[in-house]
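Labels run A, B, C, D, E and F following the written order; every chain starts at residue 1.
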């Protein structure tokens, strides 16, 4: 496979257009299966009751929020080192979806916390660093759009994203480094009979989130390419296809 | 692979935690719908901008 | 009648050349207005005294929140001095000249940050025990507080410098800068305030301080180069 | 071939002319970058989130210091937008043109402040209940909090505007401004935070709120003229 | 038929006994001059002789150490509004907002002068200075000369009687300079007054041109 | 005897196939030129034709859309340091600190160029541009022309082979312009290179003068 061939925006535009629907279909199928397992099949937790079912979206979205940031940072590194156009566009396309997942992780966490911890919000390290992640995403989006010249925005925001990578290990290890309310690994569910269904549900939902993120990114990157390559001949020729 | 709930009413009630569970799932639904709408709007805007540009060019 | 310099004299750039140039110039500029250093400290003191006003002056409460407030004050003071760090050089064209100089960006970027710390972070660290006393902190807590500030404020200067350079020429000015810098300051704040708090509650402050030290080393290694790159992007 | 305007057409300045000119222009500038208003709010949220980090997250403690922290956050957010209020117009020569316009200084000074409040104070007031919730404030306290911000933030904008105009062209830039503005902000902070606190402890918030209202009226009457005069001095 | 002579007295700017010092140096003193309708007074002199300072004293931006500036026989210290309403000033700083487009800049600067314009007038004026295609670009994207040309369009639409201009030809190419001279011609032909500091040669075809040479 | 030719190849700035677009407009494309030692290339053209943009592309401040700039036969993208060490750039912005005196500004800008100077050299250079009495004044107090003259003193002391100057004659009076031409003469006589964008006429007595006319 010739990677350089697909790293030109015009070919990638077509490729992305062809792939995106499949990822959405996959995401929908997986989500349907995962929700079926999580909401209908999985037994209710003895200690927490039915609230625990938030886990099927909380954990996948929390994982995706960190993973998408990591992927975005990788693209940003490519942008800075090789000055490739497509990588910058990919990073821009990932950020809003990443921010969306971060927001959902925070939101579901809050609505899970109320019945279990008795409060929507505490200022512990896990929650705070996740909030910082949301700000990093917003900072990335704001900075990349804050320049007249989009190429400048690309490079400046890429640098910011790379500096912000430090936050990822902080989120991930915060439960070990500090005494927090948030549970570390899923202790309370270990060894219970529902373990398998629960784990399957969570993994299936994670896969769904993953596919959705890829699909959304591909659709968005197509718009970004159009916005940026507006004056290129191939866009004219494509007749806005 | 049996359904855990004995009735739909049970299911919607979520063992008394309906508010928290459905606020969570609802937020996810809203967020995904909003994102999809925004994605489409952005694509439309990009295409419109190209058209505009083409007309401008035709003028000059 | 003007005597031209000898054209073609070999001109060579170096890290040290850029560092000393930037530091000497920025310190000279700061010295021209000693008020600025005084004002950083005054701002810090003001913020620290605003809290008891907003919250009420119960001694236990104050002792409890003292380390946190002092760190937040330090953070805000460090933050307020940021917009001017590169913006003035950008507006008057000095930054273009720096980018085109034979000295590597690493050098003058580090020099500017060093000068910024000497003018803002250092006086603030020196003042902190005094403020801590007002909040009724114990002597050992005061010492840990000052130490954590001494290690932490350079990190703030470095991180803030990077954000200031990134926000250069962007719209949204100070607010954008806030959005970028403050979240990155958060970990420093957590470790810094955590150190004094651990000390105050009888635990060891060492883990916090060593994490802070690790952050400083990482920042020293990585950020000056990042700042140089950000400036180059801004001037383009 | 240029068609000149009819020379000698009578040109007349008016308060309304200056006010609407300044407000329309500044809102247009803000609209060009809607991010700025968003960022004010983001900054406010950030500052409010920093405190629990520095201080620790005990619910009682947070409920206790919540109103104070929110007011301090509002104050800093209002403050952060100040340096740009007149400085940009000063640097590009617009302020000279305003001073020489037939409209009275009172008009455009008031217009600029009004635009500043709409962009910074208003969104902040609207957001405050959300932050208050995070700190666990009761609903009635939240309402009083929002009301006190609605009355108090215009005072902050007016006072801050006056200080920004005074500090124009003076050295020390933002820091000097801080030193000038913050002490003036203190009374506003005390009444504002006092109102919520009174409400939270079951007392009446009315005295605080009416004092705040009186401050607003006094500021509205006196400050725009003072700002105009300060600008005139700065331009000289 | 410009209808701008009030109460019969001559349309005139009078400067009496003006003096200004900067630090130890006396820039000028006992400066006396008058400008009447249809006259252009060019202020000339080497760098740093005080041209800018003189112009700012006349407008009222800077307080002179001594002397009186009067407009229509009335001291501008006593009634500054009257003079301000009749005066357009353009200094070393352009007074443009980088984030607003050329057209918006024009709109707001004329509204500030109390002389609102229609969109068509603005479009025409910008077209006349060669900015028709660029009129929607934010001013920061314009070249140095294009930015100065916005100033020319502004002058064209401003109904002021008195122009006070500091180095109006900076950064303009030959066509731009010709445009300015054309504008000045018309202004003088209509009995306008102009006080201009410049290092360039200025030769309008109408009006009376006088020179004031500083130190 | 300037000793600046390394390894025998000609002392030359080469620009190949340079193109730059701004928004929808193509400012220039397929631009090819060379400047050799002792040559002055004047970039000319109407306002907004892209002179400033071209100069910034040559220095490396702006990335061109296409094309290569090489110095001594080596692309400046590959080895930017070598070109930077040999180049003095003066753009529309002066790069002066308002709070530092003329002398300090001179000192720091030359140190930044890696060419430290003695106090005496600086005093002489400032005296030559007519700033001897004002050399301790903060730059903000200086007139527009006096500020530009600090730039002249800087050029006089900079050992650069290549000068890239954008509108160097702005705000200078006749004497100031003559000073600049004198400096340029000498630079060319010593086999220096100069790339200058200007609306003024430039007629140095030595060196080869060529013109590049943009759109």
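To be clear about the criterion, a residue touches a chain if its C-beta (ideal position, glycine included) is under 8 Å from a C-beta of that chain, and two chains touch if they have at least 3 such contacts.
Keep in mind that what you see is a predicted model, and the values were worked out from it rather than measured.
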*Third chains touching both chain D and chain B*: A
*Where each step is a move between two chains that touch, what is the least number of such steps from chain D to chain F?*
2
*Is the contact between chain E and chain F built from the same residue numbers on each copy (over half shared) or from different ones (under half shared)?*
same
*Hey, which pair has more contacts between C-betas, A-B or D-E?*
D-E
*Centre-to-centre on C-alpha atoms, which chain is most distant from chain F?*
B
*Using CA atom averages as chain centres, what separation in Å is found between chain E and chain F?*
32
*Centre to centre, by mean C-alpha position, how many angstrom separate chain A and chain E?*
58
*asked:* How many angstrom lie between the centres of chain A and chain D, each centre taken as the mean Cα position?
replied: 37
*Touching two or more other chains, which residues of chain F qualify?*
24, 63, 92, 99
*Taking each residue of chain A in turn, which ones touch at least two of the other chains?*
128, 135, 138, 142, 146, 151, 231
*For chain D, what residues touch not just one other chain but two or more?*
32-33, 35, 39, 42, 46, 53, 56, 91, 171
*asked:* Going by the contact rule set out above, which residues of chain F touch chain C in the complex?
replied: 2-4, 59-63, 81, 84-87, 89, 91-100, 104, 108-109, 111-115, 124-125, 128-129, 152, 156-161, 179, 182-183, 186-187, 190-192
*What residues on chain F touch chain E, complex-wise?*
22-23, 45-48, 50-52, 92, 130, 134, 137, 141-146, 148-149, 167, 170-176, 199
*What part of chain C is in contact with chain D in the complex they form?*
33, 35-36, 39-40, 42-43, 46-47, 50-51, 53-56, 61, 64-65, 67-69, 71-72, 75-76, 80-81, 83-84, 91, 171-176, 178-179, 182-183, 186, 189-190, 193, 197
*Report the residues of chain A in contact with chain D in the complex, numbered from low to high.*
119-124, 128, 131, 135, 138, 142, 145-146
_chain A residues within the chain B interface of the complex_ = 39-44, 49-51, 53-54, 57-58, 61, 96-97, 100, 103-104, 107-108, 111-112, 114-115, 212, 216, 219-220, 222-223, 226-227, 230-231, 235-236, 240
